[in-house]
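First chain A sits with chain B, and in the next complex the same chain sits with chain C.
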Partner chain A sequence: MAVIFGKGNLLGMATALELKALVKQFPTARVVDGISLDIPKGCFYSLLGPSGCGKTTILRMIAGFSEPDEGDIILNGRRLNGLRPYERPVTTVFQSYALFPHLTAYENVAFGLRRRGETNFDKKVRDSLAMVGLAEKAERFPANLSGGEKQRTALARALVLEPELLLLDEPLSALDPALRKRVRLELKQIQQRIGITFVFISHDQEEALSLSDRIAVMNKGKIEQIGTPREIYLQPATRFVAGFLGAVNWIGPVGVRPEWTRIGRTAPGDVDSVAATVETAVFLGDSVHVHAKTADGSVITAQVHDSAVDYEHGEQVRLWWDKSDELRVSQ
Partner chain B sequence: MKHLRAMFLAPSVFFTVVLFLIPLTIIVSYSLRTRGVYGGVVDPWTIENYARLFDPLYGMIMVRSVFMSLAATALCLLAGFPTALFIVRNEKHKSLLLNLIMLPFWTSFLVRTYAWMFLLRDTGLINSALIAMGIIKEPLPLLYNETAVIVGLVYGYLPFAVLPIFSNLERLDKALLEAAADLGAKPWETMFHVVLPLCAPGLRAAGVLVFIPCLGAYLTPDLLGGGKSIMIGNLIQNQFTTARDWPFGSAISLALMAGVMVLLIVLIRRDGEEAL
Partner chain C sequence: MRPLTWFAVGIYAFLHVPLLILCAFSFNSSRFTIWEEFSLEWYRQMFTDAQLGEAALNSLLIAAASTVLATVIGTLCSYGLWKKQAKWLSGSLYLSLVTPEIISGISLLAFFQWAFRHWQFQLGMHTVILAHVAFSISYVVLVVMARLRTAEPALEEAALDLGANEWQAFWLVTLPMLRPGIMAAALLAFTVSFDDYVITSLVAGVDSETLPMVLYAMARRGANPVVSAISALIFVGFGALILISERLQKT
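Entry: the complex of A and B
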């Protein structure tokens, strides 16, 4: 059962992209199984889900690389179905960046403007490269750009056309973790500055949570939940959403995230607590993950934000949490 | 370890020395000597044979060979590119189609060239058919001219053009084509601004692979050209047979080799060794 939070538009803005009962059937599976979405104008919207959940197929249908078997794709009131990719006012930042290796960063950015028959594009190209901090590297070929620079060139190339919608296909996944966090921040800042609607595809929950105004969590071709990052993290509608967005300890139907799970050798007198035996305590620098087994054999993890905390294997502990922190999911 | 390595290297060293270096040395020495009356070579040593390469009579043949080879190469590229593109895009029958391209190699080149004679001669298939249909009255002169030779060369070396272009196109990242379309490029613009430039190394390799054997072709011009010395290959053959001038034949051969080497060096400088 999908539960939709915050129905209607974010900040009362008009709808940019509307997907209506989209279906895509592959020989072996229905990869997109009746997806309906309203994406508000100027929104940073993420489609989040594991690989094979259908998110990339949706992106390809919006871009025009693939046609839906059923349903409509409507962008700012105009039906896009049947239009060729080059006829759609939509651009894409590809996972592999897909920069033209025979063209310089400058010419990559100018590519779309040249196709439009524009001749006075020098300022646009330079401004676009400057926006992503690559003004100095305009004459470099992709082979001589770092991963982050390639990613930013791809972004500049897609944005210079001032699309009605920008699609981003896991654009950060090819970057190393440290760079990914920095680029993530830049991406968010650029989106806020230019106000173009972004549709971002990701399987990384941290990435989606940190970037998005709104997230649609997908699983097996369907939407599990739509909401703001806080909504889907703090009030997951389904067990799948709860588990996909972060670790969860399941105590029967009730879920508690490790960071809200308290642990101690004794519990405060006035709270309900669970007895458990410590399996292992994993030191992570800024926190310690304590895995403890309860009487019924389930393992509960408590994340303790105190580097000094340590437990021995076999130690008897109590686990407890605030009732208000419990995740109540439909299934 | 060292013995083992030497053992494995020995056959190739043997073949290179015996089958390549020794004959080459003989050719070089022939080219620097004087012709014997009944063929063969005699003393004294001379560089006269190389000087004769600049005789306008032979220069004409060389220039014509180059132009005919260039024409055949251009036609091979023009026909080979769409063919390779078609095969790459035909996911289902890719290997079948590739094998069909290779199929002619399963029969003798001589037999296949004779087949072209049967097609092109005055009483051949094409002329008979055109006459039977009443389109022409007299047979067209299709055989024994330069056009026939170029047709034969294109036919013979087209697979050499298709294969490198195919492997280049096959390596082309499909995301680039999607990116081009995404940025507003119509299919022909993607072809012109993305596919063709990125296929340049394949086209250059194909060009060289076709041009080199065309330049040295001997059988095709001999059979389809009507026995005249219209290309370098025939000229060389004539020196060793009817003209009985082995030293000059050797000199032309070496000049041809030198020309080809220069071409290959230029290509490798440009595209690296994978180009071949």
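Entry: the complex of A and C
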């Protein structure tokens, strides 16, 4: 099914989670400052922002570990405020995984089913472990699982309860970079297969961009922008969003990403270009980053995709770009 | 051998040679510290001495009762302190660890006299057990807290998240995770209770003489190889207990 993302809701999809004017005041700061969100059913939704932006506090309020000072949390039409964590149809994959060290992978996954008083859960547990590729490691204790296996056990443990909403608190941050990319792909595939609404917390823009159907970019307890990954990357609403999602060259109020910035010893005759002096050219294998200083002292980076290109320090160059690639931000 | 090795050997000798000498002389047929010949006479006397047997039984009863009480109370106490992050309260608990025993003993005696003033007050097993519970709790808290400090705070939240209520989260997740620490704490509580002399002698009654009290009295009357025999036996017993607990903690 082709899903078209618009400015509003996902087309034809009902709202799963609704946050209404959520506020959380800590002694020193208002960490969540009037957050309102609509998260569509079956959506992979990311809250993206730097540490301290309030995203973890929102997650904890949805899970029930913390109560909002103001505002409502509504899941599929039911108000969750005041319910204990075990009364909410929500499960969490913790950043540290929080696997019970004295229980095997199997018993970790069975824990929630046992609490519900289910007795015929063996098939559910085995299926759940098989889904994350851990059928063979069911009898291992967490201490004998690798980082990636722990992460997948935590995922199986949360998903086996078929929650209405799955919360993921930076679940990939403890993995090494190579593994992280692979697990990222698996996570996306699992979410698409089972169709449960995922709310994913991250400070890693690449992670959020590659996984999400929609992203809410947060800063200082407020939402800066909500949109699809393409929208927030290509049309950032604010300077903060533009800068948080990727590198930007600021030429006055206009922003241009390095990958859209062209560089040459001469510019094509029909375009406006900026004169600059090369500071350094950094070779990155698949591309070259050329940092050049303009007459007003600002440094502009151009990403050159032809790795053979090289520039000397002090060389005079011209920089230009398409008007349509300029980022127009509000502040 | 290198100087550091000599240093280590010296320290170990200083720590253990006196105990080895004690053990050796408990098998000596002479009363005095001059070796004559191998004998089990002092062990025979030890096992037939009624006063010693009663004192040993008292000591074991007191240690068992105070260990159970202090371990339960101390574990719950450290759990509460950990949950509430009460730094001042947990700091003040350690105060009783650095209070000189004689002061603890006198204050406990005064407390019992005051608290029981309206009843027929008598010192006995109960006062000894209460006193031992009082000083053992801080040892238990010390050990259990050390374990809690390295625990992952998200574990209980994970349990709640998966449908356990607060009680189940504690019982099914936190307590099993703490088990090695609790066992180590219980062992420590048992040890400090079993060998306490100063506080015990102040709050004990006529019917509640403990092994250390009897040993002390015997030792004061002059060199007595029976004392050596008992000491050797206690030393071996506790050594075995510690080895077992180490083995248990590894599994």
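Just so it is clear, the second predicted complex is superposed on the first by the 324 of 331 C-alpha atoms of A that agree within 3 Å, B and C clash if a C-alpha of one lies under 4 Å from a C-alpha of the other, contacts with A are read in each partner's own complex, and residues count from 1 in each chain.
Rule of thumb we're sticking to: a residue touches a chain if its C-beta (ideal position, glycine included) is under 8 Å from a C-beta of that chain, and two chains touch if they have at least 3 such contacts.
Everything numeric here is computed off the predicted structure, so don't read it as measured data.
> Aligned on chain A, chain B and chain C: do they clash or fit?
Verdict on chain A: clash between chain B and chain C.
> First (chain B), second (chain C), both or neither: which does A:R157 touch?
Both partners.
> Tell me which partner A:Y86 touches in the superposition: chain B (first), chain C (second), both or neither.
both
> Is A:G112 touching anything from chain B or chain C once the two structures are fitted on A? First, second, both or neither.
Once the two structures are laid over each other on A, A:G112 reaches both partners.
> One more residue to check, A:T238. First (chain B), second (chain C), both or neither?
neither
> So, A:P101: does it touch chain B (first), chain C (second), both, or neither?
both
> Is A:F65 contacted by the first partner chain B, the second partner chain C, both or neither?
A:F65 sits against chain B and chain C alike.
> Residues of chain A that sit at the chain B interface in one complex and at the chain C interface in the other, please.
The answer is residues 63-65, 84-86, 90-92, 94, 96, 98-102, 111-112, 115-116, 157-158, 161 of chain A.
> For the complex, which residues does chain B have touching chain A?
Per the touch definition, chain B meets chain A at residues 173, 175-176, 178-186, 189, 193-194, 197-198.
> Show me the residue ranges of chain C that touch chain A in the complex, using the header's touch definition.
Per the stated touch rule, the residues are 152, 154-155, 157-165, 168, 172-173, 176-177, 179.
> Mind listing the chain A positions that touch chain B in their complex?
63-65, 84-86, 90-92, 94, 96, 98-102, 111-112, 115-116, 157-158, 161
> For chain A, which residues are in contact with chain C within the complex?
Contacts found on chain A: 63-65, 84-86, 90-92, 94-96, 98-102, 111-112, 115-116, 157-158, 161.
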